[in-house]
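Across the two complexes that follow, chain A remains constant while its partner is chain B and subsequently chain C.
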Partner chain A sequence: MPGPLVLAIWYVGIVLEIAFVVCSIARKSFFRYIFLNAYFLLGLGSDAGRYFFLSKFGQGSDEYRYAYFYTDALLTLALYLALISLYSCVFGELRFNRYVRFGAVILLLGTALFSYAVVVQSEQRLATAFAYELSQNLYFVGLVLTYILWGAMLKLRETRTRVVQFVLSLGLYFSAYAACYALGNLSNYPVVQYLSGGIGCLLPLAWTVTMWRHAEESRLEPARLLAVAR
Partner chain B sequence: MSRKLAALALVLAILVCSMGLKTAISHGNAGSPVMIANGPAPAPIAPPPQGKK
Partner chain C sequence: MMAALIFAVSVVTLLMFFVSYCRSLTAASSRYALSKEVRDVTGIHAFASGQDFTRVMQLLQLCPERPEDRLGLRAVAYYFEILNFLQKTVARLTPSVESWAEQERAGCANFAVVALDRRIAFSREVLAQQGEL
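Here is the complex of A and B:
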C-alpha cells in the first residue's frame, strides 16, 4: 500500500468528487451539467475499482496497473466529453453544435489513430499500450482545446460565471498536469507523485466551489479578468 | 461543405499542436516513463511496457 500522505490525498479527492455531485443535485443543475457529473461519477466508480485492486494485489502488481490504466483511459474519454459539452454550452447559441460534434468525433478518431500508430509496434498487450497512449494524447488534446475555448469565450464575450469558471479550472488542471509531466521528464523527483495527486483534487475542488457559490443566472465579464490597470 | 472542411482543418491543426506540445514537453523522449493520469489515486509503480515482451 502507498504511504499515508498519498492515501490522504486520494481520500480528499474522493470526498471532493462526491461534493460536486451533491452540490449539483442540491443546486438543481445535475442534468444541465450531466457530462461533468458523469465524469465524477465514473471517477468514483474507478476509485472503488482501483481501491479494490490496490488493497488486494498491491501497488506494484500487474492487476492494479491494468485496472489503473484502463480506468484512466475511460476517465480521459469522459473528461473529453465534458470538455466538448462545455464547447456546446458556448457555441450552442450560435448554432455551431453540429460542427462542434463533427469536429469532436474527427479529433477523437484522429487521436486514436495517432495513438494506434505509436503503439502498433508493441508485440504484446497492444490494448493496454493503446489505452495508455490514447489517455496521454487525449490529455494534450484537451489542454489545447481548453485554451482555444477560453480564447473563443473572450471573443464571444461569454458571461455565464459557471461556464467561465469551469473552463478556467479545466485550463489550470490540464496545465498543471502538463507542468508535472515536464518536471517528471526533467528528473525523477519523488515530489511529482504528491503533486500529481494534489492536482487531481484541484478540479473537483474548483468545480464544487463554482457550483456552490454561483447560481446559473450569475454573470461575469471575462474581459475584466484580463484588464490591466493603467 | 466548406464549413466542414474548415472544421476538419482546425481539427488537424489541434492534433498537430497537441502532439507537438507533448513531444516538446517530454524533450523528444518517445515512450517516456512519466505519465499523467486522472484523479488523485496513487499511480502504479511503473507504466506498462511498450514494445517489449
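Here is the complex of A and C:
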C-alpha cells in the first residue's frame, strides 16, 4: 500500500470530486455541465477500480500499474469530452457550432482509435515506460486543444466567469500533467507517482470553487483577461 | 527530444494559464463595492494599491478562514510574488512592464481586500447565528 500522505491526497481528491458533483446539483447546473460531472463520476468509478487492484495485488504489481494507466487513458478521453462540451458552450451561439461538434467527434474517435490501436499492439508494455509516453501525449493533445479554445475565447471576448475559469483550470491541469509526464520520461524518475495526486486534486478543487462562488450569470470584463503590458 | 520539447512547451503554457487564471480571479472582484467596515479597517476607500497587499494579507490571517477563499488567495499570493520578481528584474529595463506590473499588483491587493470584506461579513454572520442560539 502507498504511504499515508499519498493515501490522504487520494482521499482528498475523491472528496473534491464528490464536492463538485454535489455543488453543481445544489447550484442547479448539473445538466448544464453534464460532461464535467460525468468526468468526475467516471473518476470516482476509476478510483474504486484502482483501490480494488491496489488492495488485491499491491502497489508494485503489474495488475495495479496496468489498471492505473488504463483508467488514466480512459479518464483523459472523458476529459476530452468535457473539453468538447466547453467548446460547444463557447461556440454555441455561432453558426459553425455544428462543424465544431463534427470536428470534435472526429477528433475524439481518432484519439480513441489511435489509443486503442497502441494499447492492443503494446499490451505487454503498457505497464512500462510506454504507458508514460502514451499519457504524456494524451495530456499534450489536451493542452493544445485547451490553448486553442482559450485563444478563441479571448478573440470572441468571452465574459462568462464560470466558463473562463473552467477552461483556465483545465489548461493548468493539462499543462501540469504533460510537464510532469515529460519530466518523468526525461529523467526516468517517477515524478508522476509523487505529483499526480496533488495535481489531480487541483482540477476538482478549482472547478468546485468556481461552481460555488460564481453564479451562471456572473460576468468578467474581457479586457482584464489579456495579460498585455501597455 | 520529444519529451524535452513537450516539457518546455508545457511549462510555458502552465505559466501562461496560471497568469490568466489569477487575472480572472482578480477581475472577478474588480466591481465589488467595499463595505464601510473594511474601508475603516484597511484605510482603503476606493481601490487598493500594490503596497497594500502584504498588510491586507496580515489582516486576513486575523479573521476566521472561509474554505472557498483558500485556493484563490494562495494562487493570487503566488502571482503577486511573480509580479514582485518581474518588477525587480525585467521591469527595471522596460517602463511599460513596470506600470503593468504595478497595475496587476493593485489588482491582487484589491482581490485580498474583497476577500477580507467577505471574511468579516462571514464572521458577523457566524456571531449572529451564535447569538440566536
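FYI, the second predicted complex is superposed on the first by the 190 of 230 C-alpha atoms of A that agree within 3 Å, B and C clash if a C-alpha of one lies under 4 Å from a C-alpha of the other, contacts with A are read in each partner's own complex, and residues count from 1 in each chain.
Just so we're on the same page, contacts are C-beta pairs under 8 Å (C-beta built on N, C-alpha and C of every residue); 3 or more make two chains touch, one makes a residue touch a chain.
A quick note: this is a predicted structure, and the numbers were derived from the prediction, not measured.
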{"item": "Which of chain B and chain C A:Gln136 touches, first, second, both or neither", "value": "both"}
{"item": "Which superposed partner A:Thr111 touches (first chain B, second chain C, both, neither)", "value": "first"}
{"item": "Which of chain B and chain C A:Leu220 touches, first, second, both or neither", "value": "second"}
{"item": "Contacts of A:Leu168 with chain B and chain C, given as first, second, both or neither", "value": "second"}
{"item": "Contacts of A:Asn185 with chain B and chain C, given as first, second, both or neither", "value": "both"}
{"item": "Partner chain in contact with A:Val6 - chain B first, chain C second, else both or neither", "value": "first"}
{"item": "Larger contact residue set on chain A - chain B or chain C", "value": "B"}
{"item": "Residues of chain A at both interfaces, chain B in one complex, chain C in the other", "value": "133, 136, 140, 143, 178, 181-182, 185-186"}
{"item": "Touching residues (chain side chain B, partner chain A) in the complex", "value": "3-4, 7-8, 10-12, 14-15, 17-19, 21-22, 25-27, 29-30, 32, 34-53"}
{"item": "Residues of chain C defined as touching chain A within the complex", "value": "3-4, 6-7, 9-11, 13-14, 16-21, 23-28, 30, 68, 71-72, 94, 96-97, 99-101, 107"}
{"item": "Contacting residues of chain A [partner chain C, same complex]", "value": "133, 136, 140, 143, 146-147, 150, 161, 164-165, 168-169, 171-172, 175-176, 178-179, 181-183, 185-186, 205-206, 209, 212-214, 218, 220-221, 224-225, 227-230"}
{"item": "Residue ranges of chain A touching chain B (in the complex, touch as defined)", "value": "2, 6-7, 9-10, 12-14, 17, 43, 46-47, 50, 54, 59-60, 64-66, 68-69, 72, 75-76, 79, 99, 102-103, 106-107, 110-111, 114, 118-119, 121-125, 128-129, 132-133, 135-137, 139-141, 143-145, 148, 177-178, 180-182, 184-186, 192-193, 196-198, 200-201"}
